[in-house]
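One structure coming up, written as structure tokens, with questions to follow.
Labels for the chains are A, B and C, by order of writing; each one numbers its residues from 1.
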Amino acid sequence: MSIDPRDDLGPGRRGLLGGAAAVAAGLGLAGCGSDGGGEGEHKARRKGQKITLTFWSWVPGIDKSVDLWNRENPEVRINLEKVSAVNGAQYAKMHASIKAGNPPDLGQIEYPVVPSFLLDNGLLDLTAYGVERHRGSFVGWQWQQSVFGKGVYAIPQASGPMGLFIRRDLFDEWGIDTPRTWDDYEAAAKAVRKRGSWIETFSTTNGNRFAGLAWQAGARWFGTAGDTWTVGIDDEPTRKVADFWDALVRQKLVKTIPDRQNAWYKDIQTGRMAAWLGASWGDALLAGNAPKTAGKWRVVPMPQWRKGEAAYANWGGSTTAVFSATRYPADALAFALWLNTDPRSVKLLIDGGYGFPSVKSGFDLADLDVRKDFFGGQAYSEVFAEAGRGVDTSWQWGPAVDALYQRLGDAFTAALDGGGSFRSVLRKVQGQTIQDLKDKGLKVAAA
Amino acid sequence: MRRPTRTEARAARTAALFLLPFLALFALCFLAPLGYAIQQSLLRVERTGPLGLGGETREVWAGFANYSHALHDDGFTAGFARVLLFGAVQIPVMIAFATGLALLLDAASARWVGFFRTAFFLPYGVPGVIASILWGFLYVPGISPLHEMAHSVGWDIDFLSRDAVLWSIANIVTWQFTGYNMLVLIAQLKAVPTELYEAARIDGANAWQVARYVKLPLIRPALVLTTVFSLIGTLQLFAEPMVLRPLTNSIDSGYTPNLHAYNQAFTSDNQHIAAAEAVLLALVACVLSFGFLRLVGQRPRRPKAARRGTPVRRRARGGAR
Amino acid sequence: MSPVSTVTEPEEPGERRGTGSTVSAPAAPPAPARTGGTAKRRRAAGPAQEPPLAHRVITVSLLAVAAVYFLVPVYWLAVSSTKSTSDLFGSFGFWFSHPHPIDNLRAVLSYDDGIYVRWFLNSLLYAGVGAVLATLLSAAAGYALAKFDFPGREGVFNVVLAGVLLPGTALALPLYLLFSELGLANSYSAVLLPSMVSPFGAYLCRIYAAAAVPDSLLEAARIDGAGEVRIFSTLGLRLMTPALVTVFLFQFVHIWNNFFLPLVMLSDSDLYPIQLGLTSWQGYADRQPELYQYTVGGAFLSVLPLMILMGVLQRYWRTGLTEGSVKS
């Protein structure tokens, strides 16, 4: 029953897969041209030859897309191995398997972590396989997340544009306006506090969110200058963000418990916490953990540093990457592209709650307002879509971001304990990060 | 008693046959990784190529640079100080608790012994990770029924605060392993010939005196070895802080040496430094446990000496392999 | 806590009979069974000098307080396994709130095509097969170390003993890299092979064999013309049975509770043991909140069989321990 999948595709799809097929055809050449990692093992699949590619992922529901592919592509079977994503263990395993020379063919890799895989030449530079022609199908800044130098190292899958979740009912009851700027936000925090609740928590260990806040403010934590990495964690925009939250914490206007953990869920359920700076994927999280607050939540845009601006940021999201040790790069790439652009696949992923699609057409494919009722009928995905369009595209990730988050968490924790200001945290982490990169044998300079 | 050489050679061959499967696996799973870790700890990575991308990645000799890096890392050494403090408090408390329970269960005045013993022993069957998830719920303010009950009688305690969290972890470990240690001690108590008690009774000793002056000295070997294995377990402390870490701001990424090494390897991808830290950890564990055995004059090396001791399992706390 | 008490009942008589006899009776030729027998007559002789009531009350009260400490978390787990995710965070922990135990159970068992059942079977496989093989290997090694004189014997024994003292976590990562090179990582054998080595088991078996397997018996068998393997498998293993039961149980629990090794070795969730599976659920729970509930329910389910095992097999633990330590 499985025939050539290409037969039943619409025109758009045909173009896309046609491209992949063309790449496959021209592969002998591309295989030689590709950079280091592959050690010349890359092969073009003979017509009719059956192969199996291994794909490591942890995204719930991704198996449905993989099943669909396997039904339609009997020659290129994808063997999905669900890996544990606890504490970044999946990346450690990917690194170790690269070192041991037997990584999977494809892997799920979050944006911030992509550069760390470049250091051990783990990822295939996809430009050799004609990936550039697909650039236009994806949201610009998401595509840009995997571009380093002239290479493209992964296919973007999904993102998490940030927004502010608020308890509309409580804000109304207490006569607090929706905060449009960070100054508004501080005022709102005070007003909420007067009512005995808290607006938010500043979680010291949540490096991802802090990075998002800095990103919005225009920070550039990482960059490249020639053959040198530049590190700018202690830059002006980040200082602005640190000072702002330092002040809130010191005035006791925000809690400092970890978010998305037991105590936080309790606060969310009881209205002891009236807002959350989250991301698009937070809808499922709130709806599932605080079902009794259904209908009371709304999503509003992130507060701005200056009134009328539209600067946003991203928290979360990941890519499908092809490992350089794969023997069949063209087929692996074809799958990676199909997974993240085929309308049926994207729809399955959206239904599984994977995040905000990276493919432009994704916004029209499926109803992104999965939890409409929980948000009182609001078409809340428009807020996130708007945020997605306003994300600063020049932000770049660097190597060892996980270690950086850990450094930040440890330093913020120490600061809360009386070890200085948040600004001093940035100074400290800036120094540590530069040293970390040096220890990895990289050229590095302060931005 | 010197036997003829032929018999000796035959004995050696037979022994080799019996030993081989065990030793082969032992070499594969203990010696080889240890050797590998030592080798890795003496290397470092050198990268070429712009931004470290696309170029060559080579492992080059580093001498003791990784060790010096680890020893100069305040986070790592602070972790050591922390587990030593932990051990200095938790081990005596747990062993005393276990001894107390063993003596109570062994006392003539005890009732429902089987039920109590089973109840005390149950937590040993709860894996470290699950025990920590479970206690995590019992610690978090706002969720914890313990916290709620304490609060209702006017006692506000945050089990996960910076000052308390180490002892909250100690509590999890105590909860899990007291019953096991108790069982070892009971086993030794049961082995004491009844005549000894009878003699003490006849001399007019009361229950307390029998426990203190007859039983306790007799279970000393078991106490020594449970202590040694608790010591090794303490140095490996891992699962409990790892599971509790997301729940609180009080546990940093290098809270225990093992967690530090794990994060070096798994989060920061610094295999070589992680290897050096692992070797240091193993070294300290060996020095401390052999040192302790020396100190109390008990050497488990010879079967003769060990025969007096109670066998003890390897501690199975989350981290142990 | 009914499981506890039902488990305990049949256990009492065994304990009064005295530890040694229950297990080693069938195998019981010379030394091993004796000490156990003498040690335990005191209880039977008890009633003559019944301790004063006050003593009994104090003792039992102290024991009861300790029992509360050990059982309360288990009680919490039992109660919580009947709750929904939102009640898990939103209701009083020590009491029920909209309990639906059956629905929860079904959800845990059927989520993701019943992956939980597979994890459970994996755990059984790792712990069961691993512990049996570890016991046999330890028995052979301990027997050889105890009963054969050969050059380097003490050296080998000391190395094995040092293995007991090595922190396992220190070895897990290098072991993973080694296994990767051998193509063994991410497979059943990646967890099984290391689980089959128990330096502690070999240590215990040596001590036990030295005491419980008389040289004279071996010589007699040799004179009868029995081969060494046969002597070991018939005579040696039989005489060492109590120690072997202990080694098996220790190793079983050790493997069952082990988290780090599978965490490092396995990437495919089809191979996970139960603990690793549960933490992976917890890891996804911020996207799929119902997984919090499944984690707690799954934890309760996984703890149950082991706890019952603990209770039922308790006297075997004690037997092995007693025998191991008493030989004199």
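Quick note on the criterion: a contact is a pair of C-beta atoms (placed from the backbone, for glycine too) under 8 Å apart; a residue touches a chain by one contact, two chains touch by 3 or more.
Chains and their UniProt names: A = Extracellular solute-binding protein; B = Sugar ABC transporter permease; C = Carbohydrate ABC transporter permease.
Values in this document were obtained by computation on a predicted structure and should not be read as measured data.
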Using only protein Cα atoms, the chain sitting most centrally is B
Relative to subunit B, the most remote chain by C-alpha centroid is chain A
Highest contact count belongs to the pair B-C
Subunit A and subunit B have mean C-alpha positions lying a whole-number Å distance apart equal to 39
Dist(centroid_CA(subunit A), centroid_CA(subunit C)) in Å evaluates to 42
Here the gap between subunit B and subunit C, centre to centre from mean Cα coordinates and rounded to Å, is 16
Multi-chain contacts in subunit A, i.e. residues touching at least two other chains, fall at 87, 89, 99, 262, 266
Residues in subunit C with touches to at least two other chains are numbered 89, 173, 177, 279, 282
Among subunit B residues, those touching two or more other chains are 137, 143, 265, 271
Listed in rising order, the residues of subunit B that touch subunit C in the complex are 3, 8, 11-12, 14-19, 21-23, 25-26, 28-34, 36-37, 40, 101, 104-105, 107-131, 133-135, 137-138, 143-146, 148, 175, 178-179, 183-184, 186-188, 190-194, 197, 201, 207, 221-222, 232, 235-236, 238-239, 258, 261-262, 265, 271, 274-275, 278-279, 281-282, 285-286, 289-290, 300-301, 303, 306-314, 316, 318-321
Given the complex, residues on subunit C that touch subunit A span 85-86, 89-90, 173, 176-177, 180-181, 183, 185-186, 263-264, 267-270, 272, 276, 279-280, 282-284, 286-290, 292
Note: in the complex, subunit B contacts subunit A through residues 44-47, 49-57, 69, 75, 136-137, 140-143, 162, 242, 245-250, 252-254, 263, 265-271, 273
Residue positions on subunit A within touch of subunit C in the complex are 56, 58, 60, 81-87, 89-90, 93, 96-97, 99-102, 260, 262, 265-266, 269-270, 281, 284-285, 287-292, 353
Subunit A residues touching subunit B in their complex are 35-36, 87-89, 91-92, 95, 99, 116, 118-121, 125, 148-149, 151, 203-205, 224, 226-229, 256-258, 261-263, 266-267, 399-400, 402-403, 406, 409-410, 412-414, 416-417, 436, 439-443
